[in-house]
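First chain written, first letter: the chains are A, B, C, D, E and F, and each begins at residue 1.
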Amino acid sequence: MSGEKPGLTHIDASGEAHMVDVSDKTETVRIATAEGRVKMAPETLALIRQGNAKKGDVIGTARLAGIMAAKRTADLIPLCHPLMLTKVAVEIEEDAALPGLRVTATAKLTGKTGVEMEALTAVSVACLTIYDMAKAADKAMEIGSIRLLEKSGGKSGDFRHPEAR
Amino acid sequence: MSGEKPGLTHIDASGEAHMVDVSDKTETVRIATAEGRVKMAPETLALIRQGNAKKGDVIGTARLAGIMAAKRTADLIPLCHPLMLTKVAVEIEEDAALPGLRVTATAKLTGKTGVEMEALTAVSVACLTIYDMAKAADKAMEIGSIRLLEKSGGKSGDFRHPEAR
Amino acid sequence: MSGEKPGLTHIDASGEAHMVDVSDKTETVRIATAEGRVKMAPETLALIRQGNAKKGDVIGTARLAGIMAAKRTADLIPLCHPLMLTKVAVEIEEDAALPGLRVTATAKLTGKTGVEMEALTAVSVACLTIYDMAKAADKAMEIGSIRLLEKSGGKSGDFRHPEAR
Amino acid sequence: MSGEKPGLTHIDASGEAHMVDVSDKTETVRIATAEGRVKMAPETLALIRQGNAKKGDVIGTARLAGIMAAKRTADLIPLCHPLMLTKVAVEIEEDAALPGLRVTATAKLTGKTGVEMEALTAVSVACLTIYDMAKAADKAMEIGSIRLLEKSGGKSGDFRHPEAR
Amino acid sequence: MSGEKPGLTHIDASGEAHMVDVSDKTETVRIATAEGRVKMAPETLALIRQGNAKKGDVIGTARLAGIMAAKRTADLIPLCHPLMLTKVAVEIEEDAALPGLRVTATAKLTGKTGVEMEALTAVSVACLTIYDMAKAADKAMEIGSIRLLEKSGGKSGDFRHPEAR
Amino acid sequence: MSGEKPGLTHIDASGEAHMVDVSDKTETVRIATAEGRVKMAPETLALIRQGNAKKGDVIGTARLAGIMAAKRTADLIPLCHPLMLTKVAVEIEEDAALPGLRVTATAKLTGKTGVEMEALTAVSVACLTIYDMAKAADKAMEIGSIRLLEKSGGKSGDFRHPEAR
């Protein structure tokens, strides 16, 4: 990674924040996958699992919140372009080693801009929703490891996180 | 933390997700402070700092995005109550040890529900905005350590994260 | 019901639509319950039930959509006042006689305006979500019987639908 | 209608709700028309007609609310794709036989997904708005007969409701 | 007006934008009235008047857009507090001298913050809607004279624009 | 400008407001630039300039608010089509002659509808944000001269405001 070359595309010549002009970019298929984790006490994970065994609600609610948030990305992130996602998928699975839950989100479209932010926003809001639904039992939970696992499509080419499994 | 007792307030008797009825709660002053971190390559941090020296835009934009997101919390988190924040403050400072940026957010109101989610949402969206504005230079950045530092007010009493400084 | 007396409060003296001034109304506890039904082919109901037996997703998703929509009521209905719900509950149960699903929603707050529209909006969007999730199997489903079952609180007093069970 | 074949496209293999991947669908012209009805006391209809004679506000407001709601469909219905409508039309006419009002909405675009939900959402919110504006006179109104009249475009082919006039 | 004293409340000690903490402010009745004008060609005004004579749509639509926008103020203006308006009224009348239309909006609530921005936002969006609906006939229209006419309530006391009629 | 010919495209044959059907329009590159001004007391401008010298917050915040508002245009203006902007730029500069600030916004996309309203909405909300951030010092500020400077693309051809510099 050589930060000096690409620079900060959202900062224009005079240093002011701006939305990058993507008018002349080509429409290509773009996919991005991101992940994040919610670390919690083992008892909290047990509570969620138990609830999950019955009706799956913490995980089901967090999945939906993540999907819906992906559609709101351009409303939340000031310089993101509005775009029309053709797919958003959010998966949440237990990670006994944390202990806690691991959230993975994939966003996809055919368009002029990448969907990294949509995948990352889905992950973040799913994690926040997990926190919200379990916070009565455990306020010390920690959300972390939110990162882009991989992306494809677009001029900047493919990316795969160096630490991705 | 004894997860067994408080249980998951968002799961009702039959196991379905629901919005907790706070009608009979007392209106008290509620304050919550949360934090999060964006870890990046030293070159990326230098780029942001340099931009910041000129016009402060990455940090300024992320601060605003966090403040605005706090106001959208009930739109994003399915079971959060709508509420009227009387204060939202977002601070972003360099953390050379990461290296990266540390985001802190405080939310406040007089009301029937806590503002933990508002503070955590502000932190999350500010971190996502930092990622968005610097991702052309560094896609391997990682958002983490998002947690509630402290809260006060309400029936569940005060909380201070065991690992908070 | 004597429509002539109360008149249309949203139409002002000159006939123009306006938001009723509720500044001088008293804050009281207000509760409203509404219901609606989605009539479908028996095979469609079987499909939903089958899915429900596994992970409960059609019904779980529709419940969440209804809860979230209640919070957006003032955004959708032009002359509704913004308000801070303290409770929203959405229940969905099978109605073999339809055949189909019956949605019931209750909204509650302490405030100056009633929450009938919040309950009705929750029901409507939950029904729309059921339609959306099952429409690949059955486009002839019909949403109906959306009505206010009962409300309490406020100057206009309590109401109970004459045909409510 | 043979529900068994098409299945529930929003439920994936493991039974979890997800947004259908439409990336590989062809862009075609898609049109959908839906209808709904608000049944009310004859006096209520007279009040609305009278107001309408003057400034047309109940009907005019409901029409606009329906049009605006169609644009919010993907925000309201969890698994709907965001899309760019090229046309939304909402018509509201008296139905003396109900007695009440009949709402019809048409949505159109060139895209990868159908616009049934946009048409149905427009109808639902227009009906809710009629209820809201007349509820001071008549709380027993009932919203019903919300259904897809016809749709064209897309892989699933054309549809015309068996009971449509 | 002595700008030096009151200073810019949204800029904190370190010069960063922030949402003013209103937690300790008293809840008082707050009213604000703002106005704005859309100047257009006489033929455009005639067209609107003519349409208005039939169904009142340009003016009716702009009034509703203004009312709805007032409810979105905190979503649009970054440092505005969310609040619960108890009244929004928008009036639009012809001003032959411009020639064009004059928009007036009043917002009201009992709360801790003023409603100047809500009244000004209602005026601005109503003016934009007039432009949108008439722009096919006249792209040279100009929106202007948007200002606060008067406000009352709150610590800063009453205000009446020096040039208000 | 000959208003009689083009007529009001948002009013249909029967005089009701409707969203124009753009389904059959060609996708072309569309650009629109709009401007507006905020007139204020010289002391207020000095205060903003002073804050600007430090951290640029009034102007930086207003620029971001304008960019974000452009993305919300179809949510605010009832009959605007949703669209996918590929560029939004907002510039704010001092105008000592006013005295005050001059806001210019440019919106761009490849699509079926023009982006005049997006540029005008960006300008309006940036001006409102300037008012909001400086109103503690000066409530008599006036927003004006909001107009379309030029647009290109689309069937109606190019436009340049007769009074544009």
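To be clear about the criterion, contacts are C-beta pairs under 8 Å (C-beta built on N, C-alpha and C of every residue); 3 or more make two chains touch, one makes a residue touch a chain.
Listed by chain with UniProt protein names: A, B, C, D, E, F = Cyclic pyranopterin monophosphate synthase.
Bear in mind the structure is a predicted one, so any value in this text is a computation, not a measurement.
Trainee: Would you mind naming the chains that touch chain E and likewise touch chain F?
Mentor: B, D
Trainee: Listed by label, which chains are in contact with chain C and with chain E?
Mentor: Per touch definition, common to chain C and chain E: B, D.
Trainee: Please name the chain that ends up farthest from chain D once chain centres are defined by their CA atoms averaged.
Mentor: Most distant chain from chain D: B.
Trainee: Same or different: at the chain C/chain D interface, is the fraction of residue numbers used by both copies above or below half?
Mentor: same
Trainee: Just going by residue numbers, which of C-D, A-C or C-E has an interface where over half the contact pairs are the same as at E-F?
Mentor: Copy of the E-F interface among the listed pairs: C-D.
Trainee: Is the number of contacting C-beta pairs greater for D-E or for D-F?
Mentor: More contacting C-beta pairs are found at D-F.
Trainee: Using CA atom averages as chain centres, what separation in Å is found between chain B and chain C?
Mentor: Inter-chain centre distance comes to 32 Å.
Trainee: Between chain A and chain B, tell me the centre distance in angstrom, where each centre is the average of that chain's C-alpha atoms.
Mentor: Distance between chain centres: 16 Å.
Trainee: Which residues does chain D have that touch at least 2 chains other than itself?
Mentor: 16-17, 55, 57, 60-61, 64, 68, 72, 75, 78-79, 83-84
Trainee: Where do chains touch, given as pairs?
Mentor: A-B, A-C, A-D, A-F, B-C, B-E, B-F, C-D, C-E, D-E, D-F, E-F
Trainee: Considering the complex alone, what residue numbers of chain D touch chain A?
Mentor: 16-23, 25, 74-75, 78-79, 81-84, 111-112
Trainee: State the interface residues of chain D toward chain C in the complex, per the touch definition above.
Mentor: Listed in rising order, the residues are 1-4, 6-11, 14-17, 36, 41, 43-44, 46-48, 51, 54-55, 57-58, 60-61, 64-65, 68-69, 72, 75-80, 116-117, 120-121, 124-125, 127-129, 131-148, 151, 156, 159, 161-163.
Trainee: Please name which positions on chain F make contact with chain A in the complex.
Mentor: 29, 60, 63-64, 67-68, 71-72, 83-90, 108-110
Trainee: State the interface residues of chain B toward chain F in the complex, per the touch definition above.
Mentor: Going through chain B, the ones touching chain F are 55-57, 60-61, 64, 68.
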